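What follows is a structure written as structure tokens; I'll ask about it next.
The chains carry the letters A, B, C and D, assigned in the order they are written, with residues numbered from 1 in each.
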Amino acid sequence: MDYFVELFFSGLTRGSIYALIALGYTMVYGIIGLINFAHGEIYMIGAFTALIVSTVLSIMGFPLPAIIILTALAAAIWASAYGYTVEKLAYRPLRNAPRLSPLISAIGMSMFLQNYVLLAQTPDFLPFPALIPDFAFMERFAGVIGSSDLVILITTTVIMILLTLLIKFTRTGKAMRATAQDRTMAMLVGINVDHVISVTFILGSALAAIGGMLIASHIGQINFYIGFIAGIKAFTAAVLGGIGSIPGAVLGSFILGLTESFATGYVSSDYEDVFAFSLLVLILIFRPSGLLGKATIEKV
Amino acid sequence: MKPLLEVKGLSMDFGGIRALDHLDLRVNQGEIVALIGPNGAGKTTFFNCLTGLYRPTAGELLLTPPGGRTKRLGGLKPNLVTRQGLARTFQNIRLFPNMTVLENVMIGRHCRTRAKVLGAIFRDRRTRKEEKEIVAASLSILKELGLSDVINEFAKNLPYGAQRRLEIARALATDPLILLLDEPAAGMNPQETRELDELICRIRDKGLSILLIEHDMKLVMSLSDHIFVMDYGRKIAEGTPDEIRTDPAVIKAYLGEDMDDA
Amino acid sequence: MLTLKDLGKACLIALWFVVLTFPLMVIKVNPIDRIITWRWHNMLWVGLGSFLCYLAGRIWLARRDVRLRRIRQGLAEEKPPLSRRILQNPAIWRPLLAAGVLFFLAFPALFSTYQTNIMITALMYVVLGLGLNIVVGVAGLLDLGYVAFYAVGAYAYALLNLHFGLGFWTVLPIGGLLAATFGILLGFPVLRLRGDYLAIVTLGFGEIIRLILENWNEFSHGPSGISNIPRPGLFGIQMSLDQSITYLYYLMIGMVTFTIFVVNRLQNSRIGRAWFALREDEIACQAMGIDKTRTKLTAFALGATWAGMVGVIFAAKTTFVNPASFTFLESAIILCIVVLGGMGSIVGVIIAALVLILLPEYLRAFSEYRMLVFGAVLVVMMVFRPQGIVANIRKTYQVEEK
Amino acid sequence: MNLSAKITGFCAAAVLALGLSIPAMAADTIKIGVAGAHSGDLASYGLPTVKAAELVAADINGAGGINGKKVELLVEDDVCKPEVATNTATKLVSEGVNVVIGHICSGATKAALPIYRDANVIVMSPSATNPALTQSGEYPNFYRTIASDDAQARTEVDFAINKLGAGKIAVIHDKGDYGKGLAEFAKKFIDESGKAKVVLFEGITPGAVDYSAIVQKIKRSGADAVIFGGYHPEASKIVTQMRKKRMKTVFISDDGVKDDTFIKVAGKYAEGVYATGPADVTANPVTREYREKYKKAYGDEPGAFFDNAVAAALALTNAIAKAGSTDPAAIAKVLHTEDVATPFGMIHFDERGDATGVGFTMYVVKDGKYEQVQ
């Protein structure tokens, strides 16, 4: 039984990590119908920015709480700036192009950003400082769940609630929903669609950056390639939940995280990724709208 | 004699919304039949069901070629429907923009030809002969529709009226029994509309039947042998142009509707 | 041509990029030894680079606008692009073609074995590009797992040779057929998916194949791969390294010629037209009586066939295969070739493959930037020139008056 | 006609045919190829070898060269990719190298070796540890100054069973060429020993976001010791998560983990981790000499496989000098029979091409440093 609980929590941690990235995929897809391939790279850039900023701050002698807050802010801001710039450079000019053009552009962006970080920083793994301290009260549960797991879980939950509130009740949120429904119509009723799309990219990127920082701190090291694998997994989760749907992305992430964890625990981790990819292929074939997504009919 | 095309009780639901409601319709050999109705009445949906792009919720679609057996079209894939002899044009022109005019028409010949991959690679005698026939047939159709001068232009570079005609040419290339035209006169000037009128008559005179969706009432009234009127997915009237002109239900449905005669 | 406003805007853009790239370009930390390296010079490069790029872009746009205006006003004639002028004028392209053919035939005699070897690699990418071009460029199906079929071919030769001692020439068609079979097996369920989902599914498939090769030791010898695969034979004649490379070179030239011949014929056939039409408009295509699934499947399988055959040649050339050669990046490189060359354009794809594979070899100093440039190429081509360097040209017909 | 004459002839022909600028000195130098990953994400494994070769070459040329001939280095990048390695090898062969130091990765080495074998060029790798390279007997032209993976696995297993008395061992690997190969040998040796049994044999996915599931599984398996085949990034993640879960299971790993970065990354959790590595040679004068030179030239500590590369460069140049020619057969004879002073002491090569006296010993992390286990 203990073993089950342990695996369950390890699956939850994994799921939360995927969720933080999957939200960005799903938001962008919901609004412009684009698989933002470069999203994983934004997550990676967020983690790198966090590493750089936190190291600089800690050398300058800031106290830990200040480091955490400032690092999170800096990572979110810079990642958002990257997200915004990527959208403007690589996707906006292609808004009315054939459907595959922005996707190819996104793949290009992903390769570009990966190699940009490789060249600007380093191809090697860099250790990431543990920003989350080991809480004393968690000591009792050390065998089951660690402090950083807990922080990741809570953060994901809070972010998901905030995001849902934002989209349900704020003006921006309403504009986002309207744009997702029908871009032309939204434009006609006076919504600045370009602005809404930018906001979506900024929000998604900021979430990914927070995710990047938390995960890097949890795992303890990063390199330029972490975005690709995490990105594909998160995308799988988003599709599983129904791409375009925010609760769907979270649900899908937890399902993927838990299945991976239990599959490793009770079967074998040899084919872990094969399993995830097969799941992705099967969902897309048999239920492309995912668990919570809506099926669409193509207009003729 | 059985009608060429018979539609019985055709219904189509989109997630609880009934777009077509027990529609009946007939097209006889050699007739021009028009389908009219206000915007949103379900005319294009009807075409989509007929040509297999949508799978109807209920109803029967029967096609009886002259001297042939009756075939059910319901549930067939679009390409097979076309093969059976229904060819269509689209309301919002769907040509292959980056292919030449001639190639657009040659695509229409696809379902009447058979060359396979190996044939295409080795270009055996049969394939060569077939290819020649495709070109010849396409050229003759283009000539008929007055597009001979532009055969090597990209379809996207044609003027609007010519694009409409090209779409008809492409549909004709599939050797249809019935030609389904979705608002062929939309956006045309009076001169072009007149030419279209003549063109449709010419096609009919060659023995084809035509089912037409059109808003241009002048064109509809002058061309049609028989008219069906739809509103809210239902058939509200049918008859000859004269009958329709005076039908109270039709007048009611169109009240406030812009009956543009231009 | 440039106004003060443009300069101001360029300064702002430069400033934006300087700030944007500041943490990653300027600061480098060593978190273990707690050392920070400040690389201020990078700031200058970024600023200057984005400033100039923006201005270059402005000038390009301005000139294009002027030209378009003059054309509209009838002051200038619309000039067809250079590539089309060359390709449509036999007086120009015939000598060019002849020179090209001569050059390629004489290549091994003119250059060293190493150069020949590099050229073989480039030619392999030409064929891969042409193969993927059928799928992506012609039929419009974005296949991100093309490398899986390449792997199927390579492992087909490696394993069939290992277990049954089959030779290169026997396996070459088998590899192609096997890849085609895989293409059909995969294509059957996935080809009804929408374009972007198809891309992701194929990506997943590519990774699955690689991971299976990596994990299933009993079958594929796992990550350590299979070595000592024989080079292609020629009636059992013993060949030295130089000779066998030269032989492989001419074999590849033959393969390229064969591919061009086949692809060209296919494109101008009933099947090829259906592929193009499918790319242009799927619904209209179906309404014109084209079987969507079948047409897509043919394209997918034919594209895979080429990948399979090149895979066999790859195994024979390297004499060693392991799963590390078949990553997603490989698919991305081939895609890059197709996009740069121009979707559906045979000449374009050939040029793009040669440029993208040979350039990094000869500009060794810049080889680090290879993948960076590949990424940038995909974005820039999509934004500025989606038709590629050599736009696809359709066959023209003459009306015969009898 | 010996090889160098052949090569000279070839070069002359090439110069005539091409007018390419191959140095006119061609015949008067001894060309040593240095091949390996010099760019990309594995560059840190390949670059130290280049530096080592440069240092040795500088020494020899400073002392007047070998038998009056200067040493010329031809440095070629293979990015650790087999398909690139064949190009690299072809290039080196066509430029007429006499011997090659490299390649770095086993896969690339395997792909390149047939080309060198056919051209009769002797190759010596400082780092390719795949056992088949020497044991298969297919590459008589191949030598290495590093012990093969099976020797390493043997050391690990012996240590776990005999020194630590482990009865249940979990064998984990990173699914890579190196890690998986090693793990398979470890499993084989444990099974053969009869004294312990493998309670878990599994591959993990490098780059995964979290390893806690596999850590739980290790815990459940009740293993006394974990033998991990792979590199330090994954090792540090697993060790950290194990220790955070209060698991005291002994962690034994390989040369890929015996790297100071591992200790720096894993921090306090690294304490008590065992890793095999080449015997500590810091006391050896040759080692000291070249490490000093490196520091003087580049300012920092030499990286991975530096000592092995120095050993390879010294062994090859010594063999050429002693043989008095660049004839491969003569060089091979010297390599097999005569001892040469290297960072690993006096070594020569056995009939399979493995260096004698280059073995593995066990290290343990103590107070933030790797210390040799007595």
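The working rule: a residue touches a chain if its C-beta (ideal position, glycine included) is under 8 Å from a C-beta of that chain, and two chains touch if they have at least 3 such contacts.
This is a predicted model, so every value here is computed, not measured.
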More contacts between chains, A-C or C-D: A-C
Chain whose mean Cα position lies farthest from subunit D: B
Averaged-CA centre spacing for the pair subunit D and subunit C, given as whole angstrom: 35
Subunit A and subunit C: spacing of chain centres that average the CA atoms, whole Å: 30
Averaged-CA centre spacing for the pair subunit C and subunit B, given as whole angstrom: 41
Averaged-CA centre spacing for the pair subunit D and subunit B, given as whole angstrom: 73
For subunit C, residues that touch 2 or more chains besides their own: 32, 215, 283, 368
Residue numbers of subunit D (touch at least two other chains): 40, 175, 203, 261, 264-265
Multi-chain contact residues (two or more partners), subunit B: 53, 90
Residues of subunit A touching subunit C in the complex: 33-35, 45, 48-49, 51-53, 55-56, 58-59, 74, 78, 81-82, 85, 89-90, 93-94, 97, 99-105, 107-117, 119-122, 126-129, 228, 232, 235, 239, 270-271, 273-274, 277-278, 280-281, 284-285, 288, 298, 300
Interface residues, subunit B side, partner subunit C - complex: 51-53, 77-79, 82-83, 87-88, 90, 94-100, 102-103, 106-113, 115-117, 119-121, 123, 127, 130-131, 134-135, 139, 148, 151-152, 154, 170-171, 174
Of all residues in subunit C, those that touch subunit A in their complex: 16, 19-21, 23-25, 27-29, 31-32, 34, 36, 42, 140, 142, 144, 189-190, 193-197, 199-201, 203-205, 207-208, 211-212, 215, 283, 328-329, 332, 335-336, 339, 368-369, 371-372, 374-380, 382-383, 386
Contacting residues of subunit A [partner subunit D, same complex]: 3, 6-7, 9-11, 13-14, 17-18, 118, 123-125, 127, 134, 142-143, 146, 149, 215, 218-221, 223-226, 229-230, 233, 260-262, 264-265, 268-270, 272-273
In the complex, subunit D residues that touch subunit A: 40-44, 175, 202-205, 207-210, 212-214, 216-217, 219-220, 232-233, 236-237, 240-241, 244-246, 261, 264-266
